[in-house]
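After this come two complexes, each holding subunit A, first together with subunit B and then together with subunit C.
So, the complex of A and B:
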């Protein structure tokens, strides 16, 4: 049981990163970015190419991949989302589905359907108080917590974070205050891309990279963001941890291939009993 | 205003202004001059163009013809945010604070992204907060948790952080309960006494006039009358002015 909770928390930390990315994009661009799963896949492949094909150490490959992928998403925004900015959330949602299919199939075209692994040594798991903890899980916890702390500090205490929250809250007033919405949006994509790349690399370390890996996470990512109250980054992190733990613990009662169904059930229950999400009440809409 | 006599340059002057949305003009040849250190209030019936006038002054609606001058400087073509840097601050009617940000963050954001020399130093911040003690003591609170009146005060405070020459107020009493209406107009006088010229539009004529120095009656996009505020109701019949019989 404790082992399952631990595994769940680690999975939750991985899911939290793209869930925060999803919630940031939702609050600033006002649409649910369906491409978040494919972004996870594409960023993992970029890091894999740099690591295995170009022979960079994994850390350097991950950093470079994050920068390259941030640039790619900024360009995608220019090409796809910016022309549709004022067309409403449904149009943008459909556009993001298109981006999702393009990213996924570019990966298929370039790398084939085989599962790929990062070039990292296989380490024996550590044991603490009877719990089995492998090296990847420790790395995941450290990296994910550091990334979440960095995003929190950025949003709370930097001029960019204030600008992002101001645009999310009231775009017209933000413009009157001299805040450049388009620049804020570009930074939002860059931050979302970096978070997704970190998660993509962590997933790749834990399992393998294949063109469908984004799909196995997308439901959990959406469930986490909705659970926390869309638009609330802290809520998305909490939601991800809850989803991660509940999914793992549910394997005690139901077959593990129904794990994804647990996320659906969580969304359904939440929408029935608390439509604003766990932290949704803190968003003031008056 | 004539150039060459700088002592007579008005903080805010408008000459022959035409503006509107889409096809027709809503403002038709509006000229006015706001004297320094006064509260200048524009009243008029619904649809008279008050709102278009203040939005054109703030830079949210483009002027089609005419000239807007701030302390003698032509600002007709400046973008909204640049007008704030130039010394013309604007408080929108509604949604004029960031509700999910704290009071302190709202104050900080009011000048953080403006270019030009209007960045608020700590002494400006202290000066503004001294005018609004209610706002000052709630710096850590989310702006959305303030009462309607306090929120309006915060919006004033944010606008004043840029140390403007002229403050534009779009219906400051709109949506407030009667109890707060007096309070907010009192705050307008506080702002004026701090040396800022105030230009406001108001629907609530009876409440606004006692706190105004000069009143301008705008009807169908044209200036019908400019008079001392205390004489408007005594010497003129507002209904016939509004209906165009005066």
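So, the complex of A and C:
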């Protein structure tokens, strides 16, 4: 049981990163980005190419992948989302599904359906008080916590963070105060891309990289973000931890194939009984 | 070659039914259904299970329609308190659940092996060499029936209500319309229509397994609706045929371009659909077709002359 909770917390930390990315994009651009799963996949493949094909050490590969992928998402925003900015959330979310098809299948076309692994040594699991902890899990916890802390500081205490919160709150007022919305949006995509790259690399270390890896997380990511009340980064992190633990612990009673279904059930219950999420203050319309 | 064409036409008409259903949900009512493949699968499995239990094809199909309409209504109800964006994720989750259940509950669905030996309609009374033609006829008949049903629905007061709810639910509510019921009914009817497509697919292959119901089914439907023009049933019919013929035709590419295998072709197809969706949304959001709308002038003219419906 304690082992399951621990595994769940680690899974939750991985899910938290794209969930924060999703929630940031939602609060700035006002649409749920269905490409978030494919972004995870694509960034993991970029890191894998740099690590295995180009022979860079994993850390360098991950950093470079994050930069490249941030650039890619900024360009995607220019090409796809910017022309559609004023067309409402439905158009944008359908467009994001289109982006998702393109990203995921570019990966499949380039790398095939085979599962790939990073070039890292396999380490023996450690044992603490009877709990089994992998080296990867320790790395995951440290990296994910550091990333979340960095995002928190960025949002709370930097001019960019203030600009993002202002645009999220009231774009017109923010514009009137001289905040450049387009620049804020570009940075939002860049931060989201870096967060998904970190998550993509962590998932790749923990399991393997295949074209469907993002797809298998997408419902958990959405569940986490909705649980936290879409638009609240801290809520998304808490939501992710709850979803991670619930998924792992549910394997005691339900077959583990039904993980995504458990996330879905969490969304369904939440939407029925507390649609504003755990920490959401924003009143959702209707 | 002819046999190949008949098969393609059969698949095109099945896909067109899915696209028409999506048009009712998304095009007319603004409810994005990313899990439409889940409803197709649910319809196919229900039809297959009932047909295998010996109910006969008509009852099996009717049962599937009922089950899917009920499921669609419940899914739509889940997101009643929220804006439309949430329905998209709820439907995606629904599709995933259908997939996971069909893959894992082998006692019911045969798991990854699927359900073989689904009895095809009219198989005894038709000579086997012309059976494909007869089945194509059945599919076209179903497509025509669905088209006529949805077309009359679109032009009925309910159709206007549905569009009013899509364009501004607050205004519709202010005018005393029941927004919630409208959405749930529209979504349920759409889901029922998808069940017909699923059932026909089960009969066509006489064998179903989870690998037939991949997101590409949803992708085709979205592409057909956006290319055909949201809201226009006629446009969708045209859009679905164009999309399917182009994409199915790309199978021929395999014979010319030998470096590509089937898997790569499938991914190229999805990349093209993704790009197509984006380009249409940016450059031609109204698609090739046009939503039938009456201008105030035609309504006034109609009030005077009591008659002809014009699209403007």
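One rule holds for everything that comes next: the second predicted complex is superposed on the first by the 281 of 286 C-alpha atoms of A that agree within 3 Å, B and C clash if a C-alpha of one lies under 4 Å from a C-alpha of the other, contacts with A are read in each partner's own complex, and residues count from 1 in each chain.
Just so it is clear, a residue touches a chain if its C-beta (ideal position, glycine included) is under 8 Å from a C-beta of that chain, and two chains touch if they have at least 3 such contacts.
These numbers come from a predicted model, not from an experiment.
More subunit A residues lie in contact with C than with the other chain of the pair subunit B and subunit C. When the two complexes are overlaid on their common chain A, residue A:15 makes contact with neither subunit B nor subunit C. In the superposition on chain A, no contact is made by A:213 with either subunit B or subunit C. In the superposition on chain A, A:83 makes contact with subunit C only, not with subunit B. In the superposition on chain A, contact of A:264 is made with subunit C only, not with subunit B.
Of the two partner chains placed around the shared chain by superposition, subunit C is the only one that A:108 touches, whereas subunit B remains out of contact. In the superposition on chain A, A:99 contacts subunit C only, with no contact to subunit B. In the superposition on chain A, contact is made by A:172 with subunit B only, not with subunit C.
Once both structures are placed on chain A, subunit A residues 284-286 are touched by subunit B and, in the other complex, by subunit C. On subunit B, the positions that touch subunit A within their shared complex are 58, 60, 80-81, 84-85, 90, 92, 95-101, 105, 108-110, 112-115, 142, 144-145.
For subunit A in complex with subunit C, the touching residues are 31-32, 34, 80, 83-84, 87, 89-91, 93-95, 97-102, 104-106, 108-109, 112-113, 218-219, 222, 226, 255, 257-258, 260-261, 263-264, 267-268, 271-272, 275, 284-286.
If you check the complex, the residues on subunit C that touch subunit A are 30, 32, 34, 78-79, 81-86, 88-90, 92-94, 96-97, 100-101, 103-104, 169, 219, 222, 226, 263-264, 267-268, 270-271, 273-278, 281-282, 285. On subunit A, the positions that touch subunit B within their shared complex are 159, 162-163, 165-166, 168-170, 172-180, 282-286.
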